[in-house]
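Next come two complexes built around subunit A: one with subunit B, the other with subunit C.
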Partner chain A sequence: MATIALPVEEKKKYEQEALITGAEAIAVACKLANVDVVTAYPIRPYDTVMQYISQLKADGEMDCEYIVAEGEHSQFEIVKHASVCGARVFCGSSGVGWMYAMEALTVTPALRVPMVAMVGNRALDDPGAFGVEHNDALAVRDLGWLLNWVDSAQEALDTALIAYRVAEDPRMFVPCAISCDGAFLTHSQALVNIPTQEQVKQFLPPYKRGDLLLHPDNVISVAPQVNEDWVMEVRRQNYEVTERACGVIREVYADFERIFGRKYGNPFFEEYMTEDAEVVLLGMGTLSTPTRVAIRKMREQGKKVGFVRLRWFRPFAGVELAKCLERFKAIGVIDRDFSFGSPNLSGVVATEVRSAMYTGAATRPPVLGFICGLGGREVLVQDVEHMTDITFQAAKGKAQPLTQWIGLRG
Partner chain B sequence: MNDFINSVENPVERFLRTDRMPHIWCPGCGIGTTVNCFARALIESKIDLQSLALVSGIGCTGRVAGYVKLDSFHTTHGRAIPFATGLKLANPKLNVVVYSGDGDLSAIGGNHLIHAARRNIDLKVICVNNLIYAMTGGQTAPTTPGHAITSTAPYGSYEPAFNLPHLVEAAGAVYVARWTTFHVRQLARSIAEVFQKKGFGFIEVISPCPTLYQRRNRLGDGLDTMKYYKEKSKVRHGAPTNEVGLTMTGEIIVGKFVDRDRPDYQTLMRTQLSESLGERFVESAEMVCS
Partner chain C sequence: MSTFVEEKPTQKLESFKGVKKVPHEEYYTSGHRTCQGCESAQIMKLMAKAAGPRTIVLGSTGCMYVANTSYYATPWGVPWMHTQLGSSGSAALGAAAAFRAQMRKGAMKDEPINVIAFCGDGGGADMGLGAISATMTHPDYNLLILMYDNESYANTDIQISGTSPYGVNTSFSTPGKVKRIMHHRWKKNMAPLMLVGHPTCKYVGTISTSYPLQAMNSVRKALSIGGPTFIHCLNPCPKGWDFDPVLSFELGELAVNTGIWPLYEVENGVLKLYGKTEKIANGQFKRLPVRDYLLKQGRFAHFIDEDIEYFQSKIDEMWNKWLVPGIIPLRREIEADEPR
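On to the complex of A and B.
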């Protein structure tokens, strides 16, 4: 959990408390970040953000260009080009809407466009569902996008500001998507500390595109066809961005803490009750809430279990995570996604964790994969207890299937 | 017809998947009315239900595909027309109906709409136009009239709206009509009539969304909207479509605007290939599984 560094009285001078949803928190962050161009196309659950932003603009609280495009593809194309012209941009979508924009999403990191997008995670069709699943945002995991998952409205607001700072850092210039679990976060209200404009000004400098700015005074061609002559070198540039990414993110979180007083500790993952834990569960997004509740309950029963919540999926802080996880006797990864046909038929996160452990960990504890909470199905406390029991069995040396579906109807 | 009138059951019930009821549409919504008219048109036109397929996109109207007891497909957003095109090409004997909303057909699927009309593919499009994106919370759509308040235009929409009959006529549709959900008999008749046409037919149905459009614009409820449709609608068959654009509270020109003939896509294909290939052109009439 984020802790407040400043005394309450001191904090009040700077921040205001408001009861807002995760989607509203992102809209407020866009206002504070003084975003220039916003595009939108309605799809649940992302559409709540577009409504809040249009309200902020209509009320005169936010000064931005705002257009409801005719589809997600055009929506992402419009902001991409606005960003090339030096505008700070915001966009987003959910589920199949995000997938429909895939061509634009593909070229955005390759063109070094620091777009910030919000993904209100939603199950892909078919069959249709409005509930959360992480496969939408994960679809761009190999393309150069920065990807993170937040689990509270406060973290959504803070991470949106952090995302602009990271994405627009001249060492980066790549897009960043903030994933908010549909309904559980996008539509749930919580008390959020809203920083002042002054603080944000101090934290987030204006977006400067330098030599890459498309402007009559700076004659450049954007996205020329280069064929085999240069494609590999262009890809290498994106690769080098990912080499630098962890360092930049660490710097930005340190600065965030200095200016806003909220501490996030390790930017890449958060540990909960892991100090003396024998086994841990690991997951992303709002499944952290039932997991924490279950862990507190199991702790009362004497079970030494902890939880690691992954915040940044891209870059994946593999070495650090492996060093963290090597001390436990077994790890249970909860995937709110699927990766059909993957090694061990596990979810995306479990596969990545195993890969990181193989090269980065001194020990080789079992890494179990659990597929749970798809299509908006709730991850229940009893599900977490069940997964913990299985993980304990593995810790005792009793072999367990590497992938199990939890909460599946019979 | 008499059999139906005398029957105890509602005559349209046999076209509905009653196990899927209650439906998702709000009180006062017009989509259910259009389904009723559609079912009555099926009765009137005595169309063979085995040769009928209904395709819809995403949105409130998109849900029609799930409620009718017909071969139906709920496609991806905006893609009802490409899907229907595939159906028609694979099995030209099918009567293919596209039943979707204004957002699905003219925004995200707008390109398909104009190209299907240009090719004159033999599809019948029923476009329920409630003037906004209703399912997602009432955002401005390409059909939203100027000044109307939406969730993305709290102080009024300022984008010019599509005049859909004008658009599809210009693109090449052979049959274009517009009715409101007040004009139930005319609508049913129009749907029955479009089945008789070969080529791309388009029927726009103006429909209320009391939850999101009428409420935000203080236009009353579903009943008030019916009164508005009754008072402000003018039947003008053959009206030039450039004169039938909609405003928020003004006149609604309804009627059959276009009824013309031109060769449909498959006829053109046959003609061209016969000309070029002569005897070598052999039509594979049975290429489809029946």
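On to the complex of A and C.
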């Protein structure tokens, strides 16, 4: 793609700084991405993004079709079809709302639809809770969605732009969900650098569906009945997308850095104070904040602990992650989710990390699973200290239970 | 019309003035694997012919997906896409919204494109009712939802749907030793549900494949009038209704002539009955007994006289007691001797 090379410093002065929430940051990204069709349906906490988009449209700042659906199933089906007809689309949901759309979520990657969705992570019912839990977005982890977790409003905005670029790449054509922890990110304001329209135009080309476009000029039949004759080959195509995914994502992050001047380093996971660490904690989303605070505190006490924040869960950069983790004496994975009946009864991320380590790592450090912060319960600094202590015990060779619940009321 | 409703022009499809004036081009041709005498496939053909080439069709799961559109053998001469069972409403809305946005932004040539989503009775009257209802309230999108009604989930194994007739034998309502009638609900009155429930909807019609010219013209009106529109088509099904395929056409006629299936259209709020239905309503044609229709079908073979009489009484009620005979089941007054 042809680009105008500007020095980073010069580009920066065109950016505006604004105090906005994670949800608002994604709404701003949708505006900058010139999204064509947006569908909304109310459920807390993701829905604030749709309130902002509605206002942007009413104020004439965003030119899109804004449809309030009668349920999440329709919400996702409307944009799925809009995308097949060539439109850039956006929607999102939370908790059981996301689950209500599950049929649509299932067919979207299978139809090779580059939908971008925001998940404001929320605990699943019952009993009711508005707070964050990651099981909603994780429910689609096997279906071909690209899944990532962000931990700041700036990263939310940037990742939304990146998501469109990755999803709409003709080598991909799969949906991407950006997970933002409910309340902690969706409703928390922070200073965000808002890129210019020019920068975004440079970074994000228009969506071209090519010969897959549903339009009278292109007489095709999409998704005819195939049965056992072809369904396996069709699944294989989605598999091959995931083989390409890491490469495409790396390319896009490099381009992002070049055009916007913001560096994310390794796109797949972020390391914090890991250089000389003996043990690390690993987790996704906004639990990074108390974890970083606790690590700084523990470092003052001489404890060599670091943190790895997983950004992209699908694709799962298993080999790279295993190579990163093999140098530590023990790893404590903090899951803000559950996977009842799973191996070792661990959370989803712990199980994935163990699987990646089994084949990808030269060493076999203990991987402990911690279930923490469910239903929006805060992950406290003292919880992080407690998990770190347990992980150090494992590093010293003292056997620890493979799954422990942290911060349970007595 | 509110100034905030942004209408887009439609294709102006004049009514065909007679069968000889119907163009020869087919947009639904060979390749489908539907049964002999399948009237649902027939309405697909008529619908595509009536709409013409500047059309896209979104087909929800059902016979007209599974038996109709196989890989390497698609019968569709216009772009077609599978949509989920309950998604015909959402599919049409999404496609219309996509075209509108891209045309406004100059990313696509600005022209009227017919957007048709079809569903079966299972997809429309059961699972997809909510989505269709929501779609019918969007005045700024031009689209047509066509529900082909073979009165059962005919593709899966013939099971009861919301439009299955009273008493019918399906694989979920087989008569047994103790209960002769396992399905005792009355058929959902879909077209009036659409027209009464969605006051801004400009066109709702009922059609039958036994009256192909009227069926095609109904599709053309629905596509030309603008906004979301709905057509309900009754489609005799040899497999599900258990009759010789040679009778498909005749059963379609009998459904109308017995008064079971009234033919009408509501254009901008104005109700117009047509065909035999109109003659029934103004007394020029005496309804045939429902027995003539029911006993030609194996699905009613377990009916005894009592069942036929009950069925007849309900049809009589439709025509004699409803506020708008055959269509709107409101009453003028409570009747103490109402049969229960």
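Just so we're on the same page, the second predicted complex is superposed on the first by the 398 of 410 C-alpha atoms of A that agree within 3 Å, B and C clash if a C-alpha of one lies under 4 Å from a C-alpha of the other, contacts with A are read in each partner's own complex, and residues count from 1 in each chain.
Just so it is clear, contacts are C-beta pairs under 8 Å (C-beta built on N, C-alpha and C of every residue); 3 or more make two chains touch, one makes a residue touch a chain.
Computed from a predicted model, the values in this text were never measured in an experiment.
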item: Partner chain in contact with A:G71 - subunit B first, subunit C second, else both or neither; value: both
item: Subunit B versus subunit C as contact partner of A:D255, first or second or both or neither; value: neither
item: First (subunit B), second (subunit C), both or neither touched by A:W230; value: second
item: First, second, both or neither for A:A58, with subunit B first and subunit C second; value: first
item: First, second, both or neither for A:E326, with subunit B first and subunit C second; value: neither
item: Subunit B versus subunit C, judged by how many residues of subunit A each one touches; value: C
item: Partner chain(s) touched by A:A40 [first = subunit B, second = subunit C, both, neither]; value: first
item: Subunit B versus subunit C as contact partner of A:L214, first or second or both or neither; value: second
item: Subunit A positions touched by subunit B in one structure and by subunit C in the second; value: 70-71
item: Subunit B residues touching subunit A - in the complex, by the definition given at the top; value: 74, 76-78, 103, 107-108, 110, 133, 135-137, 139-142, 151-155
item: Residue ranges of subunit A touching subunit C (in the complex, touch as defined); value: 34, 36-37, 63-65, 67, 69-71, 73-74, 77-87, 89, 103-104, 107, 206, 214-216, 218-226, 229-230
item: Contact footprint of subunit B on subunit A as seen in their complex; value: 40-44, 47-48, 50-51, 54-55, 58-59, 66, 68, 70-72, 96-97, 100, 125, 128
item: Of all residues in subunit C, those that touch subunit A in their complex; value: 53-56, 58, 65-66, 69-71, 73-74, 76-84, 86-87, 89-95, 97-102, 104-105, 107-108, 113, 130-131, 133-134, 138
